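Look at the two complexes coming up: chain A is in both, with chain B in one and chain C in the other.
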Partner chain A sequence: MSELKEELKAKLIEQLNLEDFEVSDIEDNDPLFADEGLALDSIDALEIIVLLEKEYGIKLDDPKKGKDIMQSVQTLADFIEKNRK
Partner chain B sequence: MDIYIKSSDAISAQLSFEKGLPEYFESGEESFYNCVKPEYKKYISPKLLRRMSPIIRNGVACSLSVLKQAGIEQPDAIVVGTALGCLRDTTSFLTQLIEEKEELPNPTHFIQSTHNTIAGQIALLLKCHNYNFTFSQMHNSFETALLDAQMLILDGKASNVLVGGVDEMSETTYDLIKGLDCYKGTKPGEGAGFFVLSREESVVKFEGVRIINSDKVDFEKELKDMGLELDEVDLVIGGNNQEDEAGYMDFCSVIGNKPYLWYKPFVGEYGTASSFAMWMACKVIEEQKVPECWMKNRIASEKYNKVLIYNKVGNEHSLMLMTKNKV
Partner chain C sequence: MDVMLPYTLKNMSKVIKELIIEQGLVQLNGETFFKGDTNETVTFLKSLYKHIGLKYGKFFKMDSLCKLGFLATEILLDGVEDIKTETDEVALVFANASSSLNTDVNYQNSIAEIPSPAVFVYTLPNIVIGEISIRHKFYGEHMFFIQEKYNKEELLKYTDSLFAETQTKFAVVGWLEMGMNNEYSAQLMLCSK
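Up next is the complex of A and B:
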């Protein structure tokens, strides 16, 4: 699990072009979309949906669940663990 | 009605941004020119910057610089010329489409692959809902934007117009274009040149632009139509790339022995390269001096009050005229 979280952080930095971030700067429970966290926006949410499908083969069927799944690296990793093929 | 150039700036392969005409050249040993990167964070927040490809960064930073110089927060119009638009985003988007078998393209590259992304991003940053237009007319893209800006002011629809030209060059684009006729013997490049055209009086006066699409140009007639007496021209800036380039010989024979500057051997050829020439003209008129390294024929003048710019790529020609305002 901790390996997956580190991998996720690296993929988020690369995919979302988070130039000012290192993997070590992101805590597992940092909010992804709030200013006190990574301050991502709706385009980033789309990027994460694409990343989940491309990298882990997981399709987000119910967009309403997106808010809970994308709260933090921890919630994303939990979702991937439960659903990856 | 007179039109003035209230402010100008250029991001190029030379140290031009926020500066005057450089007195020496940055070495250009690559097969094509890329811009010297300015400190983008001075103009664009890191949050927005991370999603912008180089062409958008250059266009936005250059625009914000000229608006700041002119003391304008909201221009009445934003008009941008770009020949090939956001090539890096387009390349990434198309490559992903092919690699992913037309599934799961990256949304950011898709959103930003359109030509009007730069003008759109400028408007978003300024929260400017005014006239916003992008022209793509290959090597006359900047001139077309300039003509539109001029007409907006002359028609009384705008007092201050942000106008510019921007293009980018990547490895992929270079590989695709290096065999094309129009770029033969030419080092491709990239850059952004932006200006605030205004009704408000300032040092540089914009006299006009002529766009000609033809294999042959009657220069005497064109210059006459611009109301220009050749004797009055103090300086010419030409789009030549090589010594004695055939396409420029006709033009040179008409203008005779005038001080002549060139720039494409030092910033490269790109669709909106003439925006760099217009920035050069503004700087020369403002500073009344020409660094020797830009001179093609080593003829100097005591004054630089009337500057004529000629650009030609294939059958696409343009003439632009700028003068020093009598203030």
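Up next is the complex of A and C:
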């Protein structure tokens, strides 16, 4: 799990062009969409959905679940662990 | 550039500053402002961003056309105390030949797999106007023309009409080109009424 979280942080930085961040800057429970965290926006949320499908083969069928899944790297990793093919 | 600044055009626009970004070189009012180590678009624009000491994370998400226009405008507006944020008195009037073709092709290529929403949002040339407006909270007049070649006179004529007929007091006007192969040219003026 810890390996997956580090991998996810690196993929988020690369996919979302977060050039001001290093993997070590992101804590597992930092909020992804709040200013005190990564301050992502709605387009980033769509990119995360693409990332889940492309990298882990997971389709987010119910967009309403997105809010809970994308709270932090920890919640994303939990979701991937449970659903990846 | 052999003209003296500021100069007044035959109608109303007074050109306060002029900026050219081409071939890894930034010239402000005819003098070298920055020379990059490379002419390569992505690396050069990143080095220019660092040179002007900006901290604006969203910059890295922009496509190359937006980065070019965004940085050019930042340099032009720097130190102009009469221009406030949250204003409708600043107009943005740009033109180019390639529209957003560079990003359009990137997006088309991404369709082969899963299309990228982050690339898709830049598949219009006038998104650069939005990025500048968000940064400075400009709510004024704006226009992005597509023309074969830079027609400075025509753009200034249009700007004159904005000065005459709208609340516009300042305008960033000029050419912002990002070609198919990332070849770039920014030739912008800061004008006042």
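By our rule, the second predicted complex is superposed on the first by the 85 of 85 C-alpha atoms of A that agree within 3 Å, B and C clash if a C-alpha of one lies under 4 Å from a C-alpha of the other, contacts with A are read in each partner's own complex, and residues count from 1 in each chain.
We adopt the following convention: a residue touches a chain if its C-beta (ideal position, glycine included) is under 8 Å from a C-beta of that chain, and two chains touch if they have at least 3 such contacts.
Only a predicted model underlies this, so the values are computations on that prediction, with no experimental measurement involved.
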Between chain B (first) and chain C (second), which, if any, makes contact with A:Val73: first, second, both or neither?
neither
Does chain B (first) or chain C (second) touch A:Glu53, or do both, or does neither?
both
Output check: A:Asp20 vs chain B and chain C. Expected answer is one of first, second, both, neither. What do you get?
both
Identify the partner contact of A:Ile43: answer first if only chain B is touched, second if only chain C is, both if each is, neither if none is.
both
Do chain B and chain C land on any of the same chain A residues, and which?
16-20, 39, 43, 46-47, 50, 53-54
Parts of chain A lying in touch with chain C, wherever the complex brings them together
16-20, 39, 43-44, 46-47, 50, 53-54
Can you list the chain C residues touching chain A in their complex?
55, 57, 60-61, 113-118, 121
Which bits of chain B are touching chain A when the two form their complex?
46-47, 49-51, 100, 104-108, 111
How about chain A: which of its residues touch chain B in the complex?
15-20, 39, 43, 46-47, 50, 53-54
